[in-house]
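Below you'll find the structure I mean.
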Amino acid sequence: MNLLVQTLVAGLLLGGVYALIAVGLNLIFGVVKIINFAHGELVMIAMYATFWMWTAWSLSPYISIFIITPLMFGFGVLLQRFILQPMQNSSPTIKIFVTLGLSVLLQNLALVLFGGQYRSTTFPWAEQNFSVLGVTATYGRITAFLVAIALVIALFYLMKKTLTGKVLRALAEDRETAGLIGIPVKKYYLVAMGLGTAMAAIAGVLIGPFQSVFPLAGAHFTLLAFVVVVLGGLGNMAGSLIGGLFLGAVETLAGTYIDPALQQVAVFAVFIIVLLVRPQGIFGGSARNAEVGLK
Amino acid sequence: MLQVKNISAYYGDAQALENVSLAVSESGVVALLGPNAAGKSTTLRVISGILPAASGSVTFNGEDITTASPQERVELGLVHVPEGRKLFGTLSVEDNLLLGGYCGRKDRKTGSRLERVYERFPKLKERRNQDAGLLSGGEQQMVAVGRGLMAQPKVLMIDEMSLGLAPLIVKQMFSLVQEIALEGVCVLIVEQHVQNALAVSHHGFIIESGVTRVAGTAQELMESALVRESYLGH
Amino acid sequence: ASSSSSDSIKIGAFFPVSGSLALLGEESWRGVQIATDLRNAAGGVADKSIEMVFADVPDVNAATSEARRLASDSDINLAVGSYSSGLSLAASEVFARGGSTFVELGAVSEAITDRDYENVFRFNPAAGSFTKLQMRFITEHLAEELGKPVSELNVILAHEDSAYGQSVAENAVIDAAEAGLVNFSLEPYNAKSTDLSSTVLRLKAKAPDIVIAVSYAADAILLGRQIRDNGLQLGAFIGTGGGHSLKGFHDALGEAADGVYDVDFTQIHVNEEFTPGITEFTAAYEERYDSLPASGHALANFTGANLLFDILEETNGSDDPEEFRQAAQNFKLEIGTTSSGWGFSLNENNQNELADVYVMQWNGDQLETVWPEQAAIRAPLPATPFGV
Amino acid sequence: MKKKSLIWTLGLVAAAGLVPVFTSDQYILHVCVMILIYVGVTVAWNILAFGGILSLGHAAFFGIGSYTVAILYVKMDVNPWLGILAAMVTAALGSLLLAVPLLRLRGPFFALATLAFAESLRLIAIYAVPLTNGSVGITTPPTQGFALISFSSREPYYYIVLAMALIAIGISIWIYYSKMGYHLRASASDDEAVRALGVRTPRLKLAALVISAALTGAFGAFAAMYLFVIDPETNFSTPLYSIQPALNGIIGGMGTVAGPIVGAIVMTPLGEWLRTTFSGTTQGLNFVIYGVALIIIVRVMPGGIVSGMKKLYRRFRPENRSDGTAPDASGPIQPEQELANSEGGRS
Amino acid sequence: MTNATILKVEGVSKRFGGVQAVSDVSLTLQHGEIVGLIGANGAGKTSFFNLISGMHYPDAGSVAFAGGDITRLDPASRARRGIGRTFQVVRPFTGMTVAENVMVPLLVNDSSVRRARLRAMELLDELSIADLAKKPAEGLTLAQRKRVEVARALATGPKLLLLDEVLAGLNSREVIDVLPFIKKVRDRGVSILMIEHLVSAVMEVSDRMMVLDRGSVLVHGLPADVVSDPRVIAAYLGEED
């Protein structure tokens, strides 16, 4: 029983990380319509930044996050402005390959700059254990989890209630018409990409204290984040949260009770099965909605 | 107020406009007519800035806006309601309207503008929270025009305004256009209902194969042999 | 037919310096470079200078491709490599089938020398050496220290599932049985996992006395951290080279890493009398790269490259495969005579039988050799792994 | 146009056939073999692309093919030629596992499902040690001979894979210009509309998937014999056999007949060249350059090399420029085609 | 069902979420008959077409065609049995030329690409768009695309043709040119069901007309009767001014 509870807790905490990474991706995928295969690399960059700020200036991740996040927002804006925007009119497939190129580039740039070493941000507070009834978790993971939830709520509010959110949703649907009615499309794409990148950055900083960083540290997250986004429903931030938690739980449960070597297989299997049952994702709207939204 | 001089335009390598000129004044309805593929929609696209003019000029209130962005033009009051309505289907009716008012959002009068649109289209008020994509064609056209009005246009260009609308609605749309024009807006309509269109407009232009062929008052056009022959079929 | 030009010997060198194996691939290549430069500075081999022709082999396809490229160079009849078992299997296969010589200096999978290729050699210890030493250490030292008879010790080997982990695990099963560890089991996990909660929870459920781990870098750190976070108490924890030798492992875990054992290629904190030449190596490394070696791989490759040069000295600089094989078969060195402490004597599979690994223990940020005695700089200390 | 392209094609085939006459450099031949393997896989991948279906999981079929031939040969002593045929069958059967996703998911969603599918197979190949030897993989025995598809020099491999690639290209051209090609291309544009016209698209897409998978399996099997080491990390490698063929196809011109061929011919040597040129300098630099090159190529020629070249060509022949007609659609080279007809791929 | 009956729809209903798009609609169509379908926007006309062509399945009711029940048949099989349709929002196959667009349905029953090409040209000629044959379909104007749509539907060799607002976007002159063509198609033995808002045009070609209102049949009868029916005037046509 305790094993089950502990497994579930571990899974949900892990799922929080997935959700955190996935919401940013969701924004980019949903609005800018780019399958960003470099999303994991954005996380990786933030992890390096966290590490260096901690090692060089002893800046705690929970402080440096306020520096890194805006910087990464800017980085996202630059990426959009100089790499993605000129491609905006190309077919989605073409754009995929630009981001793939970007991912190869960033991974290897990190290798060129920092070498293959594994670096860890060892922030003691984050490593302390919090334990209730024999179930334990570190502060670092709990923080990441809570921030994920807060962020998703914030983003949900942003998309549904604010003008910016409505504009982003309109862009997601039909960018040409949005431009026609006077919305500065390019500016909002910069915003969306910047926000998405900032989300990735927040994720990177928060996992810094418990995940080592190396050039390929982010690569693994990209596919998982896509799985989460698709499961949760495109453009659905709450869906990403729940999808992330769900997958985290599936992964650890499968690992503990089936075989750790097969835990990823279980995740992918669940992904494909869910898609078959509900192609629009668990929390996607009605089929009609999904169709309109994804045109 | 809006003056289009000798524009030409291309889609890739294919020329769509060769030499189109037109001018509209402060208010009233102006009809832009022509057979299929003449370049009417293309002309509107050039005017609203989504398609660049290869040559020629577009001026608005004396200002040359040939290279201005669509946003700048909307801010100036040049608003385009595209063919096929092009609503944001997953957004509610109200959100669609609000986005139409994006450019004027800073004056904080969006609320009252919204109310006026609802007054004009009470049906939309009923459906304000419904996803626009689920409306019927006629309702969608209302939202499209309403969205255009939200931008407080000085010139409102409506492409294929009555396409796919029930006769009842078509009638409503035509009288609506007249009403809008009475409020000091110039409405430029592209229409296939030539007779109805000329009946409500005071001016008209006929484009054929990317060239302005005829320009004149509605009356003149109604009486011209060309129009009777090629558009009215009698 | 050797066609090396009279004044230099060209040797192919395959290491992954990009991609996921880049870290230790680069370390291994550094070891070879240092050996080459030192030897050339000292006059080369049989009055010829050594020229390493390098090829980056991030994955197996690249390894095959590069092996073909170098093998088709008529001046290259001999190659070294490759750090990773998978890459080695591919590159050596190309060389062996082409009739040229391949000398492995760092990869451990038994399969490399088990294929009975006449011209494929391994100078470094194989997976079996790791597991044999681990079992010996458990039966001869830890059992007593933990106060349990060998037959009652609960030992689990957690391993990543790449060729390296798999190969070690296969040997461990055999060696554990031989050593009388009846209570021995395996826990495989995926090398690219970003979370090892499940593995740790399973371990916890099985309450082992000793955990042996076969890990690369990221997973070694992750496993350590999650053991600590879950409060999994162990009598001893033994790494198997790879990630557990890296300085980054200690950096990430800090004091919690102290007391963790690790069986690996010789590291720099070792009885220097047993490893003649190691100080020169360390000095040369520090001078070139401005830091200490990240793990034992640089040294192992350094030692291996020097052995290779010594054998080439015997053939008078000829890299003819047949001559090389004869010379290598006849070449013998006592244990304790090389910079890694290894001796040299090839078995019928061309595996160097006198290459071995040692037990080390983390202490501060040093990985100190503690067992067996002739290599040790201190005795193994009892400790609570990961601070729990 | 038709005649001209026929002459071109014959010329190219003849040139390809003559490569070993001009060089016996084993490395160059090796690169040529790799190019042809990629031509084959990309052409196979592209059959789905005709139907607007983006697969990022062809490594699955490639790996199934490799493992089929290797397991049959090494563990059951089945002749590798038969093994290649068996590989086509197993890859085709394996592709049926994707049948339901294929029919239910669209655009990027199917692509992601294929990606996950191939990753799963890789993990399963690692896990199923008794069958696959796990990560250690399978090495084919060195015994040589035509019957065993094992030779000491590259030439025979080259001719075998050249023949296979030509067959694959032939099949792909045949499909493109047959009923199936028209229906696939129409389905790429609007699946619902094409069904309303009487085309049974589920069957059609499934056929494309199975053919594509079987061909990919054949090349996977050949590659297994050629590279003799078969392991999950390589033979089910997403970058090598899922992404790269897609990349070749897109860079060449997705959904066109010539595009994937051109793409594979350009991209394979580029990667080789970068690696050999920059290896030994700064680690990873070659991939940095590769990444940059990729971004630039895709940006400069978003429709792929083939249509990029056509545009250039037309630019230099102004008399062709504004006659308003589309390029002749009956030639083997098609005007640029996009996978999804709209933004972001519809779901 | 008599021999001359080609289509028999009985009591079909369809609901989308909160909207009852079609409710209990029945219609019988005889061989060689043209029936005009009119109704306000959102009345359910297109949805009714979708039920006949198989894009959607009815929640209740049945559809029989040429003597067999097809209520559960998929769209492709219905097309093969002889139901051709156009889409209100035209859907040309992009990336293909106009001729190739028309070849797609022709290749369903005939594998010869050459024959299909010839036949496609004939059809395009009939619709007077032969000059567009080699143009990419995406570069056409709306009206041109509508014609391609009709050509494509005809190319399926239909016994029943469902035309969804194919006259929309044409001016009066062009409409006058097209109407005889529709009659000609009918004279070849094709039954036609057409949705159109251009009442004068539908009246001219239709044998009967049916008016839908909020999903249900409002009036069904001879064209002259239908357009003078006060309910139709109130709900659809509006008072004459």
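Observations
By written order: A, B, C, D and E. Residues from 1 in each chain.
The rule we apply is simple: a contact is a pair of C-beta atoms (placed from the backbone, for glycine too) under 8 Å apart; a residue touches a chain by one contact, two chains touch by 3 or more.
Just so it is clear, the structure is predicted and the values come from calculations on it, not from any experiment.
Path length between subunit A and subunit D in the chain contact graph, taken as the least number of steps between touching chains: 1. Looking at A-B and C-D side by side, the one with more C-beta contacts is C-D. Among the remaining chains, the Cα-based centre furthest from that of subunit B is the centre of C.
With respect to subunit E, maximal separation of chain centres occurs for C (centres as means of Cα atoms). One simple way to say how far apart two chains are is to compare their mean CA positions; for subunit A and subunit C this gives 37 Å. In this assembly, the C-alpha centroid of subunit B lies 48 Å from the C-alpha centroid of subunit D. Taking the mean of the C-alpha atoms as each chain's centre, subunit D and subunit E sit 42 Å apart.
Listed for subunit B are residues 14, 134, each touching two or more other chains. Shared interface positions of subunit E, defined as residues touching 2 or more other chains, are 16-17.
The set of subunit C residues that touch two or more partner chains comprises 18, 22, 26, 161, 188, 190.
Those residues of subunit C that touch subunit A in the complex are listed here as 18, 20, 22-26, 161, 187-190, 192-199, 201-202, 204-205, 217-218, 221-222, 225, 228-231, 243, 246, 248-249, 251-254, 294. By the touch rule above, subunit E contacts subunit D in their complex via residues 53-55, 74-77, 79-80, 84-85, 87, 91-97, 100-101, 103-105, 107-109, 111, 113, 116, 134-136, 152-153, 155-156.
Within the complex formed with subunit B, the residues of subunit E that make contact are 16-17, 19, 38-43, 88-89, 139-144, 165, 168-176, 197, 199, 235-238, 241. Contact residues on subunit D toward subunit A in their complex (touch as defined above): 54, 100-101, 104-109, 111-113, 115-117, 119-120, 123-124, 126-127, 243, 246-247, 250-251, 254, 282-288, 290-295, 298-299, 302, 338-340, 342-347.
On the side of subunit A, the complex with subunit C involves touching residues 3, 6-7, 10-11, 14, 108, 111, 115-120, 122, 127, 129, 136-138, 210-212, 214-217, 220-221, 251-252, 254-256, 259-261, 263-264.
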